[in-house]
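Two complexes, one shared chain (chain A), two partners (chain B, chain C).
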Partner chain A sequence: MASVRLESVVKKFGKVIAVNNVSLEVKDGEFFILLGPSGCGKTTTLRLIAGLEYPDSGRIYIDDKDVTFLEPKDRDVAMVFQNYALYPHMTVFQNIAFPLLLKRKKLGLTKEDIKKRVLEVARLLRIEELLHRKPGQLSGGQQQRVALARALIRRPKVWLMDEPLSNLDALLRLAMRAELKRLQKELGITTIYVTHDQAEALSMADRIAVMNKGKVIQVGTPDEVYLKPKHVFVGTFIGAPPMNVIECRIEEQDGKYLLQCPGFTREIPQEIMASKLVKTKEIILGIRPEFIEVIESPAPDTIKGKILVVEPLGSETILNININPENEETIIKVKLPKITKKFRPGETVFLKIDWSKVSIFDKTTGFLLE
Partner chain B sequence: MVSLYYRVRRIRLSTIIINIVVWFIAILWLLPFIGLFMVSVRPYSEVVLQGWWTILGGHYTLNNYIQVLTNPMYDLLRGYMNSLTIAIPSTFIPLILAAMIAYGFSRFSFTAKNVLFILILLIMAVPQQTMVIPMFFMLKAMGLLNKLIGLILVHSSWGIAWIAFFMRNYFNMMPREIEEAARVDGAGWATIFFRIVLPVSLPALASAAAIQFTWVWSDFFFALMFIYSPEKMVITQKVVTIKGQFYVDWGLLSAGSILTMLVPLLVYAALQKYYLRGMVGWASGKG
Partner chain C sequence: MSTEIKIKKRYLAMFLIPGFILVAIFVIGPIIGTFIISFETPNGFGLSNYYDVITETSPTKALVLLNDMPRPPPWGALIHNLVWTAIHLPATTFLGLLLAYLLRRVYGRSIVKSIMFIGMVIPMVVGGLIIRFMFDKYIGIVPNLCGLIGLTGLDKTWTSYPDTALIALIIGSIWLWTGFSLTIHAAAIDSLPKTYIEAAKIDGASDWQIFWKIIVPSVRAATLTVIVMTMLWDLKIFDIVYAATKGGPGGASTVLAFVMWLYFALDLAYGKAAAVAVILTLLTLIPAAIYIRQVMKRG
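So, the complex of A and B:
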């Protein structure tokens, strides 16, 4: 178990800055997830921690020991790769035992000890009956377990995982998600996990670092990044469907501040009133689809809209509503928890926004105005 | 009946044409060998009277083979031994050295890497004949002329260039993740190379081994230049001695030729499983 700290880490590949001044702190025993779209630098960050890449500047610490330029073998980390990277010519037993065999003398282990440890880990991951097979004879899920076992056997300080579930089918992925989380909590190994799947991140992480274009945009608990996104990117990247964003202007009229949005204009609600806000002219208003109520008849403080598409998803329904008759593309997505009424495309409805849940972002920087 | 109709219909015209062409080429390719084989198993008198290609009728005998192997005048067995003594190390020495060189070229960056690689390509392009005189003097200076070890060195160094080129291409296509996994697991470069990379590259190594072995085994030119004592001559040199100055026993010569071919054929047959995969490379492999 260990803590991991990155200080102003920069990694360039030619002219491309893959990791741009990233500073992070992962606590002891934490399940920490690096989340972001492909090409955002999350895998490079993980590889820097593993020692498979060296940074151009910045430092990396594991348990306060500077490991920036240490070889991977000297960092006491274990890694699970996206394609599992099992050794194809070795049996499952040999694959799992390999890290221990390499450190046999250093750890003072006998062959019997190694066998015992392999069986122990195999039992934990329920792969005892596969030990004599070769990786080519295993299913994706089984290969994944072997890769996890190989990463566990050495009892590393830090467990690094690079999208380990992305090659599994949807059902197996769900099952493995829960199992991984259980395993991590049971063993208490500090884990840094890379994924582009926001559902995976929200469901598994203790804390999430959302990355974009090589930078860390926000670090927080799943609730924090979901409910209080610090940047419009975080709001729109996380959530299914993502946060609704509407570009609006703030105008001062007779000492009052008006919020002018496509389709509606109103005085700035008390809930979001802030000094920083009124100084900014151009803003982005962000609201999650579940914080909008749909009313059938006109009511005060509502926005008129027309239903374009109804997406029933079983446990919930998503409505695509146009709020600007002049522009068909001004669409608000609303998530209804259950079907109380059957809505139809073409119907006129009224939207009541929960203003206490609204996030206001600066249009030029994209950052939250607090 | 219906299913048969569909089955017949499903065979495309292009498939038929491709099959005909392939069979035609294959038979054309094999015909000289069949002729050679027929000559080797029939008495000389029948060959002279009935021609090369008579397959049916006549007598069959292994006399030519027995003659060629046991008659001390031809001494083919010694040629066999000498060829094996040269071909085996001349296959394994360049194979292991070239694999290491290739791995270096594929995975590490170092000064003048590209220049060195171009040098390897140039060496591959140089005809053996142009190098034979300097090599002759080098071997002479080292006291390795007319010695099997000298020929082993020549073949090994000649093989390193093309095997390094071949293996580098293979390593370049090889996914790097398993090596990275090994690095994280605690392996150093030597462990990665010998315990992960080499076993995984077995198909490519087998292909290279089969080709290099065959080349060395079939070599006549270098052997002719650097070996001149009859007791040190290799099989390709020995076969030639079967042909007399005034009289050629085609039966004996054919048997000798077939015996010479036999070893590379066996090597190919033994390694077939690997070298087919090695030639296809990673393209068809599972991810």
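So, the complex of A and C:
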């Protein structure tokens, strides 16, 4: 068990800055997720923590011990590689047992103990039938679970997992998420988990660090990053469908401030009035699809729109609504938390925005205006 | 089988025939010829050539000479070849593999590799001369080093004494041939995905454990190639001996190929030379068979 701390870590590959001044603090026993699109530097960050890369600048601490330039084996971390990295000449059993066999004497384990542990973790990951095969005879999803097993069999200070469930089919993935989370909580091993899947991050993490282009944009609990995105990128990366973004201008008129958006203009609502806001001219409105109410008849303080597409998704319905007759592409997505036959494409509807839940971002920097 | 494929096969055979004829004339023919000559004796066909070369007791031409053991060489050419293989094969195979692993991360490794490779590209006759110089009392590095560290018994020209001539050649040939193992193994290690080694590091393996548990098993195919080629090289060894010691002193460093040459070029005993040649060829079939079996298994 341990805490992990990164201080202003920078890692470059030639001209590419893979990790750009990243600072993070992962608490003891925490399930911490690095979330971001492909190529944003998640794997590199994990490899820096593992000791497979050394930073160009910055420090890395595990349990307040400076490990920045320590060898991987002296950091006591286990890692699941994105591409599995199984040993091709060993059977599945030998692969999983390998880390324990290396330290058998130090850990005081007998061959029987190791066998028991391997069977335990194999059962957890549902690969006990595969133990005598070689990695080359397994499917991608099976190999991935072997890779996971090889990490889970250890009790290191930190578990590092690079997209460990990405290759499993949907049902198995859901089951494995739950098992992994349960095991992690049960053993209390600090875990840093990489994924590009926002739903996975929201469902598993204690805290999430959202990354983009080598930088950490926001760190917070799933609720915080979902409801209070610090940057327009976070809003649009997290959530399905993502946050609606509308580029608007703020105009001063007769001592009042007006919000001019494509398709509608209105006085700035009391809920979002802020001194910083009125100094900014160009802003981005961010509205989550579930914080918009759809009304069939005209009502005060609503925006008129036309339904383009209705997407029924089983337990919910997504409406794509155009709010700007001059531009077909000004679309707002609305999420209705139930199946409904009420709305049809082509209908005119009126949207009521819950202004207390709206985020306002600076258009030039993308950051939240508070 | 469709007629089209049959026709194609016929064409294929036509294309192969000229090559096959050349091989038959220049390779298979002489082999069969040698085989026949080895049975030709003054009194018709028989095994006497084989009997004579195997029971020969003159130290310079004997194949096996193991009376009054233990004592320094000469032990007979066949035994010398076996001793040579027993030391040279594991030494070069392992050294090359270890160096390939250690040089993996070393800056300027291509320079080291090139130097090691020189041992393989220089003519072996030159290699033999270099060995003679290396072990020379006055200018050789090995005797001088031995003198420096107080091994006064070895502060001499190794190739001139029966007790050291053979081992000098063997040590020298290790130096000449390690480049082969190094080159083949380095290529094999370079082609391994980097993540194997990284995963092992994370799993807590030391460099030594990574070498034995990951690298060695992962490059098995390359190692087999090295072993087979080295066995063949050890059996066929000639030029080094010819250039460095002429099999001497007193037959203390002869090898099969050298004895064959003695029968052929000095005694003009073609039947006996052919008999040694056949024995040598039969011995080389062992590594060749190992190799072919492995290749078939993999293919």
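Descriptive notes on the structure:
Here, the second predicted complex is superposed on the first by the 327 of 370 C-alpha atoms of A that agree within 3 Å, B and C clash if a C-alpha of one lies under 4 Å from a C-alpha of the other, contacts with A are read in each partner's own complex, and residues count from 1 in each chain.
One rule holds for everything that comes next: a residue touches a chain if its C-beta (ideal position, glycine included) is under 8 Å from a C-beta of that chain, and two chains touch if they have at least 3 such contacts.
Fair warning: this is a prediction, and the values are worked out from it, not measured in the lab.
In the three-chain model built by superposing on chain A, chain B clashes with chain C. Once the two complexes are laid over each other on the shared chain, residue contacts for A:Gly29 go to neither chain B nor chain C. Contacts of A:Phe98 after superposition on the shared chain: both chain B and chain C are touched. Once the two complexes are laid over each other on the shared chain, residue contacts for A:Pro262 go to neither chain B nor chain C. When the two complexes are overlaid on their common chain A, residue A:Pro241 makes contact with neither chain B nor chain C.
By the touch criterion stated above, A:Gly136 is placed in contact with chain B alone, chain C being left untouched. Of the residues of chain A, those at positions 50-52, 71-73, 77-79, 81, 83, 85-89, 98-99, 102-103, 150, 154 touch chain B in one of the two structures and chain C in the other.
On the side of chain A, the complex with chain C involves touching residues 50-52, 71-73, 76-79, 81, 83, 85-90, 98-99, 102-103, 150, 154. For chain B in complex with chain A, the touching residues are 175, 177-178, 180-188, 191, 196, 199-200, 202, 286-287. The part of chain A that touches chain B in the complex is made up of residues 50-52, 71-73, 77-79, 81-83, 85-89, 98-99, 102-103, 136, 150, 154, 160. Contact residues on chain C toward chain A in their complex (touch as defined above): 193, 195-196, 198-206, 209, 213-214, 217-218, 220.
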